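Listed after this line are the structures, all set down as structure tokens.
Each of the next two complexes has chain A plus one more chain, namely chain B in the first and chain C in the second.
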Partner chain A sequence: MDSICHYRNSEPAASGDGPLRGLRVALQPNFSVAGWPAEAGSKALAQFTALEDATIVRRLRRAGAVLWGSTRMSEFGFGLRGSQAGGALLERAADVELVLDLMGESRAAASRAGVCGFKPSYGLVSRCGLVDLIPSMECCGLLSRSLAQIREILKVVAGPDEGDFSLPDEKAPDFSSQAIDPSRIRIGVLREAREALSAGAQASLQASVDELARAGFSMVEVSLPEHGLFPVVHRIAGSVEASSCAGRYDSVRYGARAPGGKNWNGMYIRTRGAAFGALLKSYLIQGAFFQFDRYGAFEDACRIRARLVAGMERLAAEADFLLLPAVDGAAPEAPATLAETYAQFAPTLFANVTGQPALFLPARPGAPGAGFQLAGPRRSDPRLIALGEHVLKGRKGGGQ
Partner chain B sequence: MEFEAVIGLEIHVELNGTTKMFCDCPNRPGDEPNANTCPICLWFPGAMPRFSQEALEKAVLLCLGLGAEIQPRSVFDQKVYYYPDLPKGYQLSQAHLPLSRGGGIEITDGSGQRKKLRIHHIHMEEDVAKLMHEMEGRTPISLIDFNRAGSPLVEIVTEPDFRAPEEAMEFLKALRTQVRYVGSSECSMENGTMRVDANISVRPQGTSQMNTKVEVKNMNSIRHVGDAIAYEIRRQCAAVQAGEAVVLHTRLWDPDQKATVPMRAKFEGPCVPDPAVPVIELSREWIEAMRARLPEMPSVRADRFVREHGLTAEEAAFLNADPEVAGYFESVVREGIAPRTAMHWVTTQLMPALRERQLELGGSPIAPARFAVLLRMLSRDEINANAAREVLAHMFDSAESPEVIVGARGFQQVSDPGALDSLISQVCEAHPAAVADVRAGQGKAMGFLIGQVMQASGGKANPKKIRELLAQKFGAKA
Partner chain C sequence: MSPIDYSRRVFCGQLTSADTGREVLLAGWVDAFRDHGGLLFIHLRDRSGIVQVVFSPEIGSTAVCQQAASLRAEYCIAVSGEVKPRLPGTENDHISTGTIEVMVKELAVLSESDALPFPISEKAMVAGAPSASLDHVTEDLRLQHRYLDLRRPSMRDHLIARHRIFQCARQFLDSRGFVEIETPMLTMSTPEGARDYLVPSRVHPGKFYALPQSPQLFKQLLMIGGMERYFQLARCFRDEDLRPNRQPEFTQIDIEASFIDEEFIYEMIEELAVRMFAVGGIELPRPFPRMTYAEAMDTTGSDRPDLRFGMRFVDVTDLFSQTQYSIFRQILQRGGRIKGINVQGQSDRLSKNVLQNEYAKEIVPSFGAKGMTWMRAEKGQLASNVVQFFSRGEQEALRARFGVADGDVLILIADPSHAVVTSALGQLRLHLANRLGLIPAGRFCPVWVTEFPLFEATEEGGVTSSHHPFTAPDRTDFDPRNVEELLALRSRAYDLVVNGEELGGGSIRINRRDLQRKIFDALGLSEEETMNRFGFFLRAFDFGAPPHGGLALGMDRTVSMILQTPSIREVIAFPKNRSAGCPLTGAPSTVKREQLAELGLLNLGGTDKLAGADTAENRVDHLSWVSRIGIAAGERAMMEEVLDQAEALASIATENAGKEEPIWGVVPVANRTRPGTRAQRSPLAETGQLLKSAPAVKGSYFKVASILE
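Moving on, here comes the complex of A and B:
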């Protein structure tokens, strides 16, 4: 268990009464739990202990959930290198895991563990108390074997928070279970996403298309010619935000400080050089490069991002939901470089760029590949989860 | 070759909101170091900014008071810079979409002409922490006080409309008055609630080119701003005449040397949007509701003083330099005192008396109604001006009414012809030469005799009455 666990709660039973009573939740050490280490997988935050509960954590506690502990994570949650996300589910130590999703980490971890993974709409769940890296892209992802559990958790944690002013004031949508009538639902398959896949991955995706078609959904092909720009937009805008954001992790008030600096400037340079791992460092340096030397490219990325958001919104006229691949088997398993990391998350990062909800479902037993993603328009979360539940129920029923 | 200077100002004004801009900590930078801090203003991991409505209102009132156009949509960015007073690595500031655009202040320039100095825009930002450099034995150490970190600021960026140091000084004085009027800040350069940077370049007189500018910082009074700009204009003119190029850089004003010296610039980067701070969208109705909260601005009020109270433009401007003084003046006038008397006595007697005693108008024992009683006795000739000055001095030390003070201390003016006649006879006997001069029609000698009679009365005689009686006596015109 130590290989999975970063921090183990010694008093897990001390929780209140409520709709989540007894539900065991594992999270990552970039979610603040008062008194727990919140090092976010980085030496830059070594020995930093959270002062207050994150809003999500407070709401979970109040609803009676049991905080099991935190799992090992990648540095600041960027990619899955060094992460044990999903491990607490596999060990049956927890019922639900919270995993920050910056470019698809929660969905990729779900795929690795063979469970469901859900990234909510941006702005649906408070980020207050989350150690951030890419504030405009990241959001709290949820892993569980049961979509009903994910729904129950969202009932409790979603909605406005006076600690997070970036959330809209509108009430969270209703997460009660709802019926799905496949004959009235069109699911679009994004041509460009499919064409970008290796042959093996295309075959897995086709199996998913067939499954949904057999379940009675109308399957349509849709197209977003600019789809190929998602990774470059994420990489430029994300790295610039990360570079600015990580400026505060200076190891002056917490974190490991490197000795030998002759003055404050030398102290910062040495410390930051020693504090960040190689992958994150290259990401931050890339962000600094765009910030200071190619600011125009950053502005272009922001403009293209707005166009991509509009493009995906337009697709909603042709299809109620989208079916997308989740992983490309050809991408490296444990990427060491930025290029490899972006290749691994190429199928998932679109939802972080647009802020729309995305759901990973494991493949039908016996079907090729690990599983697929379903995505919906922003704030269609309850319907998207209902769609997932409908698909999973169809399998249990042994239908086709 | 004749040169002219092109000057623009960047003015940081610390708003006097009760809390900081993005958290609930008290906005009291002067408290015990690091007393007013929390995870948000210490910029701890996981903390998110919570924008203060009060800071927004104070900033909007300030903009409206300067005639600026509030933008329906304004946005905070992370302004990246790298310095130990900003451990977060970025400052939340409105770099691209500021709170307001336009506006300005009218001043009187060196040739006596009215001139409008335009404001380009005003944006909000959070203040940074304060560094204190000390010695621990022989080791220099730097301490960081976060009390000021996150305090609400606005930055007022002007157009390069200024041509002379005096214009900058006039502008700053008027700005200070207007901002104090709306109540958004104390605007004191001495206390650091107003900080001014000046951008200065020179060019041949009459041309319209914009040459490389130099930024000058570190002036801590309006006087220093004038001195620093004047020095920098001389320095740049000399450099250009010597054929040297002016390079873009920042200089610090050294008040001891009375010179600007080059400084190493802070490492400043570009701006990154921050989704954690909500976009500020202001409806027309809300902006108009704020405008309705605006007090009458000094220039408007000064015009009214000229119109309604018959003051000169200079007198009206003088009274309106301080909203409290202007308000006090009006209260006294409302008590039925002639405006000219009120203006004269407030500015030449009451204000110097307050300064002497280091009192503020608001906290002084001389409430407008009480002061009006004194002035009413004066205008009814119950006391003369000498006595009124003395009664005023007593009013600071006792809570008694001016009438009681006058009665108890015998300040009443002597207007009784019988009593005055005997004094006049004494004085005329003692000064026959002056009497002869008066008979010969010399006005000066008349004044001398009046003075002598006043003195003989112990300052209590009514000078008007003396003049009347003397005129009768010598058959001259009163």
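Moving on, here comes the complex of A and C:
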């Protein structure tokens, strides 16, 4: 268990009596829980202890959830290198895990653990009290064996929060369970996403297409010719935001200060040079490149982002939901460089760029591959989860 | 008022009760005023001082009193009237003329003033009232309106005192047979080691004069020219990195004399310094003590020793030759040294917490040493976190060597490098003295620092001049190829240091060709190179150069020390600010394109790379700097690779960008404070909890490294 755990709560008792009473929740040390270490996987926050609960943590506690502890994580949750996300579910120590999703981490961790993983719409769940890195893209992802549990949690945590300056004041949608009529639902398969896959991954995608078709959904092929620009936009805009966000790690208010800095600048350069790992550092330096040297290219990436968001919204006229691959078997398992990291998350990062909800479902037992993603338009979260529940229920019934 | 006859004018500050009954004409500025309903009191200020003038309907006409009512601060006026003693009990001890006042009969407003950007009046109009302060006024605002700032009596006093000090120096040097000679401002670059300010030549396009960093070469040429004793109040220019107390142009008293030795310089400069400091009422004790460079470094860790307080270093390396304390043992095995200071009687003010958590963990490491060892003497014992590792004998020997008494704090620094030990201990000595208030106010401790090393080692295994290559060595029979021998040579240079500040320095110069050639040989400069760089100068030594030497005293710094001002800008009429700019004139400024064209500067260098010139800054270094993230050598390849990819990504983004408006997020909100909510202080700040995770805290503040070097 120690290998999974960053911090283990010594008094895991429910403090509230609500709809989540007794539900065991694990999270990552980039979620603030008052009194818990919140180092976010980085030396830049070494020895940092959270002073207050994050909004989401407060809402979970009030609803009776039990905070089990935090799992080891990658530096600021960027990628899964060094992360044990999903481990608490595998060990059956927790029922639900919260995993920050910057480019698909929660869905990839779910795939690794063979459980469901859900990235909500951007702006649905408060990020107040989270250690952030890419504010315009990251969301609190949820891992569980049960989509009902994910639905119950969202019922409690979604919705406006005064403490989150970036959250819209949109009312949360209704997360009650709802019925799905497959005959009235079109599911699109994105041609460009399929064609980008290796042969083996295409075969497992086809198995999920077949599963959904057999369940009675109408399957259609849709196309977004600029699909290949998703990683370009994510990598440029994400790195600029990360570089800007990481500016706060100055060893003045928190973190460890490297000795020997003769003046303020020396203190910054030494401390920050020692604080960040090589992978994150290369991301921050790349972000600085776009901020200081090629700002025009950053703006161009943001123009393309507008086009990609509009393009995905247009596809909603052709298909109610999209079926997409979740992992590309050809991508490296434990990426050490930025290019490898982006290759690993190529199938998932689109949802972070557009802010739409995405659900990872593990493959039907016996089917090839680990599983697939379903995605819907922004704020279609309750229907997307209902769709997932319908698919899983179909498997239990042993129809095929 | 009838036409003003300024020849009748008397000065405000010179009036005394002896002038009672006299009719006087005064002219100056309205410093302050008080209106007592019909009776108007004004502080009238001119350069000499302030006198109170009174407008009363019983003395002046109605017209004069009405006009007086319109006066405002800093109106320039002339008044005439009669000097009267003040009523008993209304005397003002803030001003020298506080026992009298002038009853005004006539008034002329010579010129009006706008509202002031900051208060000028410094003298309260009522006895016992507080004087105005400029504490909240930024220095740049003062510099922007320097002409107003100079009206303040304290600035005026500084400039007048500066003039007195300069006059005193001129008279003294004249009395010793020195001749004041000006040397050119437009000249060749001199080898002082700082960057030059360059002046483009219009007549010789593409060529430049340099403003002098000092008149060094010219004053030596004046000696060869037979002037024998020269001085100049010389303006010097150095384009150096910004420091709080440094100006890009500054004034020095530059002195050179022939047929003299060090003793001549010491005697004369001491006498000069004594007289200059006496202008400020400061008595310097003569003769000034002398300290060799080696002694200064060994006992204070600085070649600018501050001798106003003790805490001289004590070497205790030998006491630990058999030590069981592993940290010391390892350092000594590597040929290291252990030195310390005794902070006498301060153990009450240097708690365990301060010594360990502030000094040992934070402050001393920032001075470059790995750590420090401290011991507090209490009840006849040494107490500290490491004293258990020292044998009884070692503890006894320490107590004896430092003469320890109860209440003392011993601080030791050990390091394999002697230079690290002295440098860190030297900075620590000053830090402790400042923090503990061990520096007595009003004390002045001059010292001559002598016998500097002639050369310093370069990284390439050669040597370079510590001062400049014309400084005479202490002996001439050295082998110019033997680096070890060269590094052991002492120079005939001397620095005058007062209170840890170098006020000036100089040397006896080389006057023989063969010795000069040997020095260049040692520096690894060929005959051809030396002729290229200093040919005009060296040629002069072929014609019977006399033995000579001299010195230069930084006058801005000296005057600032004599007047005890917080910065040298307080003793300069129109100084540059800390960013080497002039807020008053806006210099430096851009210039017209035509001006550049006329000077042939437009295409200078152009876009072509100059042969041998450095290419653009490395992109990783640049990004490392702008994002303040250190990049280790082993990480560079990864960064280069990512930046190559970033270039490619930038091209893809630019090629594929359409005409859409860029978006920065997917929901239509920017980070904002919601209407109706207000910013408020976090309760975590109130309780101090916010400081809990900070690496360094002082009181209720976050502590950071120093912002300026």
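Convention: the second predicted complex is superposed on the first by the 398 of 400 C-alpha atoms of A that agree within 3 Å, B and C clash if a C-alpha of one lies under 4 Å from a C-alpha of the other, contacts with A are read in each partner's own complex, and residues count from 1 in each chain.
The rule is simple: contacts are C-beta pairs under 8 Å (C-beta built on N, C-alpha and C of every residue); 3 or more make two chains touch, one makes a residue touch a chain.
Bear in mind that the values here come from a model prediction, so they are computed numbers and not experimental data.
A.B. asks: Mind working out whether A:R248 is in touch with chain B, chain C, both or neither, as first, second, both or neither?
C.D. replies: After superposition on chain A, A:R248 lies in contact with chain B alone.
A.B. asks: State whether A:A297 touches chain B only (first), chain C only (second), both chains, or neither.
C.D. replies: A:A297 contacts chain C only, not chain B.
A.B. asks: Once the shared chain is lined up, is A:M219 touching chain B (first), chain C (second), both, or neither of them?
C.D. replies: Neither partner.
A.B. asks: Of the partners chain B and chain C, which touch A:C128 in the superposed model: first, second, both, neither?
C.D. replies: In the superposition, A:C128 touches chain B alone.
A.B. asks: Of the partners chain B and chain C, which touch A:A34 in the superposed model: first, second, both, neither?
C.D. replies: The answer is neither, since A:A34 touches no partner chain.
A.B. asks: Quick check on the superposed pair: does A:A367 touch chain B, chain C, both, or neither? Answer first, second, both or neither.
C.D. replies: neither
A.B. asks: One more residue to check, A:L90. First (chain B), second (chain C), both or neither?
C.D. replies: neither
A.B. asks: What is the contact status of A:A54 with respect to chain B (first) and chain C (second): first, second, both, or neither?
C.D. replies: It touches chain B, and chain C stays clear.
A.B. asks: Which partner, chain B or chain C, touches the larger number of chain A residues?
C.D. replies: C
A.B. asks: Once the two structures are superposed, pull the chain A residues common to the chain B and chain C interfaces.
C.D. replies: Residues common to the chain A contacts of chain C and of chain B are 48, 51-52, 135-136, 162, 165-166, 247, 250, 252-253, 264, 268, 292, 298, 302, listed in rising order.
A.B. asks: Would you mind writing out the residues of chain C in touch with chain A in their complex?
C.D. replies: So the residues of chain C touching chain A come out as 365-366, 368, 619-620, 622-632, 635, 638-639, 641-643, 645-646, 649-654, 656-674, 677, 684, 689-690, 692-696, 702, 704-709.
A.B. asks: Show me the residue ranges of chain A that touch chain B in the complex, using the header's touch definition.
C.D. replies: Residues 32, 38, 40, 45, 48, 50-52, 54, 127-132, 135-136, 162-166, 240-241, 244-250, 252-253, 264, 268, 291-292, 295, 298, 302 of chain A touch chain B in their complex.
A.B. asks: For a test of understanding, state which residues of chain B touch chain A in their complex under the given definition.
C.D. replies: 39, 42-51, 78, 80, 82, 84, 87-90, 142, 269-270, 272-278
A.B. asks: Inside the complex, what are the residues of chain A that reach chain C?
C.D. replies: 47-49, 51-52, 122-123, 135-136, 162, 165-169, 226, 229, 232-233, 235-236, 243, 247, 250-257, 259-270, 272-274, 276, 278, 281-290, 292-294, 296-307, 309-310, 337-339, 354-355, 378
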